[in-house]
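Worksheet: the structure to be examined is printed underneath.
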């Protein structure tokens, strides 16, 4: 059924249709609307589940761990600082092989504190052993949750569904909300791989020493490789049953004869596609590669999708200080560096809008791109600060100083 | 694609207005996208929201920098420089006010635009009359329908009834209707005026 | 369940890890000798019968039979025994000794109420044994011999059986119906009793050579009597007399005669014979008995004159206590220098450094209508005089560890042999003699003895390695606080006018309580502590109070030993 | 009295078991059929109080729930010595997640059981003092405040033993640990520190809070069993001596715990919805020195010279506990103690189990 609703609402309805038995969450912007909606559904009994208001994200993930180990379908949602605060439990859930599904409403990490969107939070957990699926639209965000439970439970591995904070969570768009019967048909009852049961007791969470730890990790690695197939198959099955493509590993756009391909994750892909259409109209041979699955990283699919492109521009919504592009590293590892040129463009940090205007300007001159570029960087500002820093060590954090230079504290348009 | 930017103050229902417009467009089978200028602003602070309407799926997620229309929910915001940023010569603007642009001190400004596309409507007072509270959102949308025909009044009313219920729905609908009539009449007057000038 | 490798494990799999390898010391269960058993002159297995009694009515008879295995006089013991067991009891160091004697009396009385009997299990041996003297020692011997299948005849010079139990112990300490009941229970087992019969020629009683006997080969002195062996226990009934200068009219008598007379009614239950003021000379239990009897006979004053101090008094404390309660006066450090009608001349004494009393030359008078001498008793050894091989010293008969005199087949015990002169010791002699006689008869008849070697009757006495269960070896925390029950007593005022029993018995619940105060020193009583406190579940509970250490897992921490209430677990170095 | 102590020692409540008892009077540990939730082969030190306490408590819960139970364990000694791959000593459904989240994981299990309609299965969360009073405090408080149906058991050995005896929020004053060494002007742990979780739990007004020690098995079993009569959040705080960390003889593990209670330093009590409902009286009161002397962690209080002033402060703390929790009812405080009758404490400073 088509609806014009806020992304958070769409996701909440999708999650509800997956019949989670235990939902727990701690409020953090911009994840709040999702769990608020779910808590209301539990309260008015349209959703039969236990909803726990916990005292922290660390507790949220811990409750999910306990619930999942006890054989219940468990869900939670978080973002930014919250994801980092629960980090220890995030890794633990993966290590224990518990098929928890978590929405991450992507948001920057402070300091300086920033409530707006980028991918720093999810990227910080890329090696936690969770699957990471990125939504391009609210429709996809909705669809990915339905797929996520099925993938997680088939592999007995937790799945993170990443959707851009505000850009998707707070955006009202048209979405096709499936019927409960469709979801039930697609998502089988949860059959836990291992479960806490007095009738068949086991000890879950043993201490493993050097004699077996490597093997445990190797098996986790193999499971991730297996996940690549499961994700692909699940997306195919979903398309067949719901009549629309959603999720999967990668999604190429106009890459057929493309010499330049822009690779990106999440909601920025739409803006990029519009930009690419304009550039195509001007005769540029350019395409887009949407990376829907970031963990496990679909190296083969990426290589294949890039086809004959000479130049890959990786648009990153996060930065690895001291290194550069995070996704770039994965792509570089997947390709033969000699054969292709790879440029990293850091864009949209902390809610900075990624506009067609800026993208177009940048991509039109793609040939001149240095290895690492910061889109829409206020060079005058940073140069002044750098000069100042060179001149004398100035007390106080650079962000404060620069804001003082800007003379503003609120966000601007664009 | 038709892009609208709403300006108002926190608590005036700026985001709701954008969403109502989107769902009005949706009810006409068109694609729409509404979203706030994501900030941590509190009650009373200047805020914005955006709405895009198209017959194609809308892919971009950038803010509206070159609006086709502006809806100003609070005239006290009018003297902020960036308020009109990106509004083209053929752009539309609807201001919630009982006074004319002259009185609002915008006489100079509006001269650069098409007169019949820049209008004021006493949305707050209409809301006060029909809804009992000075929430101008619905009324402005009624007026916006009459000004731009981007969506029909029926769609606006449908969106209102979809979002609200009972007296609130009725009040908002009435305010929208009233604003629609007000703007339609004023616009026709301006058109006639323009024709007679020519 | 599809268990993830290494992360999820099968329950209880750690049993594959034998932590016993960590051990340097290992706990071992031991049985130690409880102090009560160790102290009992009759060799009773006190701890065992208390253990039975603890279980309540259902096990009272079993407890009683456990006593009867060593001592046929529980009801008498429960009244007249001086309780060396309670003196030794470890519980005395915690709160107060277990009232063992009270429980024994309760069981003894219960047996009389229920009419429990002791069957003779052994097959008749055809052997006949003569017992001379129907006192505690003789009756005890007769009882044990009968149970061993021998035919016993007791000959006693007195009119009634019981010896000193009847003629030496006043009614108020030992009611006669109780005494009679336990004596006749023995006789009813088939013992022949000939009263008013004084044995003069013991050899004549003994049988000569028999066809099936090897006696002739070594013993040719037997006359053609009817008995194969004899146990002589005539006691010590002759009051010891000291020379006391006295006027013709001074009234002097000895305590033994007086008490004996009481029993035969020779002493009228009225003042005149003893007088209003009675002095008793001596410091033993007999002196107390005499003085307390005198009070009961109407003497307004009864004074005990003793040449040493109270501390050195041989009389049992409880006896002295009760005497004082009854208004008996005590003259310590005093000797009777001269006696005449109505008064005594007393010389004050003082103890020298060796603790021996020395005259001081100070004198004082003491008004007394009568002087009762309680200076000890002598045994009438005439029955054994002239018997070849029998030797005497200090007025008693010399016997070997098996209580046999120098004459083969003739044994002796009780007050007439060297030993402490108490009923309990005498009863112990009876048991010991019975076992020796049985063994001796069998050695003659070529038949294996009915009883194991002497000593085995007390299981705890057997292996040398079993030391005494010391108080220090106990963990007394686990014993609930439970002070001894005080036996009800008739108030003193009533006592002195009657011969009613002074000390009452315990009712069923208090007796049970007393039994349960036993700490089972040095012997497991199945409290499960070891089983419970082992952090490694290395103690196996096999049921019926039987436990086993599982050395596969025992790390040797020693908690079980430390927390064993009764000290029945020892930590021993791990054998290398 | 939380339960009837029967007078005769055999049927008394002090020994583990006794042939004279009726079946229903037997302690769980005395029965041959006890579940041995924690079985042999575990790698705990000789005389480990925690291994003992865990088996005592979980066996009791196991009996109370007819085996319908799931345990969630925090990281720590108990978890490490019980489940080193490839062996586990647990014989019940058991889960270990992290150091600081056991209460929350337990909440999750309880929520799952509720959602699946299996409320017949009960949940126990457990951990050492580090995992409970320090790093797990937030999750514990959350579990309490939501009143989740979990019994949480803290095995308190008063320091981080698993990592080598470092100070925890439960380490008592003057005690030596690897991070509160017996050096300087104030050797050992500083006074005025330490966190009283039983009282904090009571402040949440949860249904049931109790303390116990491995020295009084029947009291411990009674409380573990009683806790299962309640639904919602419950807390049981068990003192479990650690021979390694306390420097006591392995064979003295129970004795040390006993002295902790008999000296008044560790009050044993029960509370319901925030109010103390009973306390276990001291049987034979002892001076705190009896307790301190047999532990090397207090050796600096006696050598080279006796620190009488420090000992006096610890004694004062014991006296406050005795007065506050009524550990010496008049009828018994009169007898068998040469020590002065404790003075009641009214000042807020008296709150807390000082000296713990």
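Letters A, B, C and D mark the chains in the order given here, with residues in each chain numbered from 1 onward.
Simple rule for what comes next: a residue touches a chain if its C-beta (ideal position, glycine included) is under 8 Å from a C-beta of that chain, and two chains touch if they have at least 3 such contacts.
Owing to the predicted nature of the structure, the values given are computational and were not obtained by experimental measurement.
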Between C-D and A-B, more contacting C-beta pairs sit at C-D
Cα centroid separation, chain C vs chain D, in Å, comes to 50
Chain centre separation (chain A, chain B; CA means) in Å: 35
Distance from chain C to chain A - Cα centre to Cα centre, in angstrom: 93
Chain centre separation (chain B, chain C; CA means) in Å: 117
At least two partner chains per residue is the criterion; list those residues in chain C. 6, 9-11
Interface hub residues of chain D, defined as touching at least two other chains: 82-83, 85-86, 88, 90-92
Among all residues of chain B, which ones touch two or more of the remaining chains? none
Classify the chain contact graph as line, ring, star, complete or other. other
Within their complex, chain C touches chain A through residues 1-11
For the complex, give me every residue of chain B touching chain A. 18-19, 22-23, 26, 31-41, 45, 48, 57-63, 65, 82, 85
Would you pull the chain A residues touching chain B in the complex into a rising list? 2, 4, 6, 29-30, 115-117, 137, 164-168, 170-174, 267-271, 273-274, 351, 353-357, 410-414
Chain A partner, complex, touching residues on chain D are 67-70, 72-73, 79-80, 82-86, 88, 90-98, 100-101, 104-116, 121, 138-139, 141-142, 145-146, 148
Residues of chain A that touch chain C when the two form their complex: 95-97, 156, 193-195, 200-206, 208, 212, 215-216, 219
